[in-house]
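Note that the chains take the letters A, B and C in the order they are written out, and that residue 1 is the start of every chain.
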Amino acid sequence: MDFLSDFLMRFLSQLQSPTLGFLIGGIVAASLGSRLAIPDAAYKFIVFMLLMKVGLTGGQEIRDANLVEMLVPAAFAVAIGILIVFIGRYTLCKLPNVKVEDGIATAGLFGAVSGSTFAAGLTLLDTDGIPYEAWTAALYPFMDIPALVTAIVLASVYTNKKRSTADEDLSKQEALSEREAFVTAGGGGYPSSPRIPTGEYPGDQGIVASGYPSRQPERVKIWPIVKESLQGSALSALLLGIALGLLTQPERVYETFFDPLFRGLLSVLMLVMGMEAAARLGELRKVAQWYTLYALVAPLLHGFIAFGFGMIAHYTTGFSLGGVVVLAVIAASSSDISGPPTLRAGIPSANPSAYIGSSTAIGTPIAIALGIPLFIALAQALGG
Amino acid sequence: MDFLSDFLMRFLSQLQSPTLGFLIGGIVAASLGSRLAIPDAAYKFIVFMLLMKVGLTGGQEIRDANLVEMLVPAAFAVAIGILIVFIGRYTLCKLPNVKVEDGIATAGLFGAVSGSTFAAGLTLLDTDGIPYEAWTAALYPFMDIPALVTAIVLASVYTNKKRSTADEDLSKQEALSEREAFVTAGGGGYPSSPRIPTGEYPGDQGIVASGYPSRQPERVKIWPIVKESLQGSALSALLLGIALGLLTQPERVYETFFDPLFRGLLSVLMLVMGMEAAARLGELRKVAQWYTLYALVAPLLHGFIAFGFGMIAHYTTGFSLGGVVVLAVIAASSSDISGPPTLRAGIPSANPSAYIGSSTAIGTPIAIALGIPLFIALAQALGG
Amino acid sequence: MDFLSDFLMRFLSQLQSPTLGFLIGGIVAASLGSRLAIPDAAYKFIVFMLLMKVGLTGGQEIRDANLVEMLVPAAFAVAIGILIVFIGRYTLCKLPNVKVEDGIATAGLFGAVSGSTFAAGLTLLDTDGIPYEAWTAALYPFMDIPALVTAIVLASVYTNKKRSTADEDLSKQEALSEREAFVTAGGGGYPSSPRIPTGEYPGDQGIVASGYPSRQPERVKIWPIVKESLQGSALSALLLGIALGLLTQPERVYETFFDPLFRGLLSVLMLVMGMEAAARLGELRKVAQWYTLYALVAPLLHGFIAFGFGMIAHYTTGFSLGGVVVLAVIAASSSDISGPPTLRAGIPSANPSAYIGSSTAIGTPIAIALGIPLFIALAQALGG
């Protein structure tokens, strides 16, 4: 009871915090048909500024950190990223009217990490004065990349299986019509073969080695997916920030520029995300209602799983309760910016409306407005 | 004499203030053919930042304000907004070579409010240490919307009248040719019927219910015009800021972000507006010289009218002299950003070069560089 | 020995400074294929902010400065700008496989000044607490414009000479075919005649008066080149900043906006320049390796020449050692932003890959990462 009332009070008070206030303000404004718009260039620059700041903080902290401490939380982050995708594979994908590829891609996006949600979480921890290890910023890629890789691998396995079944059915007819096949232009005319969009996302040509009409199950190459993720703009900015924090002395620009502007820029970003969430709701209506259910439940479920893993680390290695919250927030978040292009290139047969709509319209607001206050209240209930 | 020398000294000293200095710098640079350009995205983001800051200030202040105090100034703002359009209707529109629709649209824009001029006025008041009620930020829509609505209604009334006269002339011929009319595609083939541009501005389809070939005078729907104004990017940002200032606790981002950046961003905006003013001068030359005269006189005339109204409020309800200046500045300003799309959709037959040119090239610089120092000097002469 | 170890320590320590750290971070990130991107609008706005700040600083300082002091350094800046182009004309252009027009254009760009390198130099001087005359900001155009003018004049002289040689060869045939010449459309059909691109860069129509089929050597008009340079966005921003610093009282926005944001924005700009440098390396490979050699050697050579001139001013007029470093940095820098359009319009027959590639990919990183620490170390060795 105490926990519940504590959470409710915290929830109501945090709705008034600039972070959540601007998010909700954006949702309301867009719902009322406001034509308010933050230019795309400003939005992208703000995302860069936030991730660079988070990276610089992390990098400066890692300099003095005991790296062994990081091992357990990092291993847990990898495990959670993979687990989230498997959970989606065996729940969302089994629901009626959900195309398996769409479900896997959605689960992949919910396993991947959102830089904005992450930044919002750190800000609320700072506001409440809850300490956490600054190297937790470095946990981001440990969950983000495994989730995306797992999703692409699972989708590829599924596509191959479906194809071999189709192959058996076709084999008799094929024996007859093999001569014609040589006549038609392009060999790989299987209806379910994933088509890789060319030129739309830089670097996507290297990701999936499928699409050729081989009979044996294809092997998915993992390194290109990892590389693609690391080269994405969000992870790049974060990793570059960590590297600069670790190897150079950015204190002067950190203290006069990246740090003081952080909260304000985050509030603007929250406004954009709120407007985006409201705009995407329509897109979500087009796909099955099961996505809505998944997007409502998954952030909190994933967050609680990660919270459990984090508590194990807390009791065994002394991982701080603030760090446990960070791990839960990373797990609760779903990727908005960097994940979609990777998935679009890696699972080209999945419908982007399904996974982007679920994540942006519901997953992210739920994670920020419900998840973060909940995990903080939980940490305080356990720690106090 | 004292007042004049005081004004001249103030005027010369304020030309050196960053706000006016950057405005004039922009005019000079553009006149000398500089290719200096502030990217459009930066410009739009700056406008957002300024209006959000003004809104947040206002909202935070309204929390503690006595709302009854606002009633008189708000009613005056509505009255002034409507009055300005009527003045234009019976002066500018009566001048030779001025098309009535163009004149009404220009008067509407001069009745509407410019966020930048408004922000410049508040900054100069702060610099001079003249106190004003912070809820004056909330007066903006009370003048802006009635002015736009009045202009669109007057234009519609005029168009209907013109049409019915044309109808009478046409009626005899029409009786003969009615059968042919059914053959031609589209019913509303009257030469003077306003054509609504479609798709150019979001939401414009709902604004004017004209264009159909009815005989009886059309009824203009007011709510769509109000809604269109409220949803525009400038008013949206201001109102969202007011709402966030009123309902959330934005102190932290306000004090670290929106407030400290305000003056600097305003100076950049003034530079852009100066360059824009110089670039629009050529556009203005294409339309009659009467627009130039109107644009030179109107800002000061409107400002003085509002100053008079404000003094009434000052003596009756204790409205501060700073607030009187704000009311005069709002009246002197003419809309640059949010007004034009509304007018373009609402009075589609008016020529945008006429009204945008008058406002941006002459009205705004006059209001900022002459009007604001004048009203401040007047307030100090009356108050000291 | 002392100097060398001092330089090496300084070099290594400055690699850790945010300015150089972000530059190298950008090079590394782009080399690893990062898709990190700073939006173009943000980049342009940052350049504006930096040059405006440098200009405001300079303008405020000039107010109190003894302008006679500026005469010697300004005259030296002009001389160095011209000298650099002549050096390129008689070294780079004489190398095998180097087209003379390409070589002259490259030398012109290396004589012109980079606002970013300049800003980086001032920042490192501030960090090391080395004083310099703030009016050194005003030296920028004194080197930039003469270099570009000289390059365009030399290229024109060369083109004319080449043409008259060709004319002599052609004269006999021409006597026979003169009638046909009148038949073909357009008189100036000489194969080597420079073609002025139209509309690509504003204002380029006035720059070169060549292209008409006159027999006598053409006269190059100098004023249009100077005007073109002064109107360019970089020089405009700088000169506007100087004017505003000189004539208005920008202290308030300077202290709350332009100055505190300077270092942070510079670090972001360095990141962009590093990424750009890495991206241009490929472009450079397409042209001869002699450009690479020139771009490696020229910044340091030019810097040392300017350092020598600066020391003369130091001993004769008391020009500060910090000022000597600024002069050397201006000479070592090569224009990235404002120079290329002027050259493209002024020497249309030169290949932009050659000169932009040399400057952006090699010249600028060398000037910033090697040149600046070297000149500072030299100044401290001489001054200490």
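By definition in this document, contacts are C-beta pairs under 8 Å (C-beta built on N, C-alpha and C of every residue); 3 or more make two chains touch, one makes a residue touch a chain.
Treat the numbers as computed from the prediction; the structure is a model and nothing was measured.
> Looking only at residue numbers at the chain B/chain C interface, is the share used by both copies over half or under half? Answer same or different.
Looking at both copies, the contact residues mostly diverge.
> Fit chain A onto chain B over the CA trace and report the rotation angle, somewhere between 0 and 180 degrees, nearest 5.
It is a rotation of 120 degrees, to the nearest 5.
> What is the distance, in whole Å, between the centres of chain B and chain C, each centre taken as the mean of its C-alpha atoms?
Centres of chain B and chain C (C-alpha means) sit 44 Å apart.
> Which residues does chain B have that touch at least 2 chains other than itself?
39-42, 261 - these are the residues of chain B that touch more than one other chain.
> Where on chain B does chain C make contact in their complex?
The contact residues of chain B facing chain C are 15-18, 21-22, 25, 28-29, 32-42, 127, 260-261, 263-265, 267, 271.
> Chain B touches which residues of chain C in the complex?
39-42, 44-45, 48, 202-203, 227, 231-233, 236-237, 240, 243-244, 247-250, 252-253, 256-258, 261
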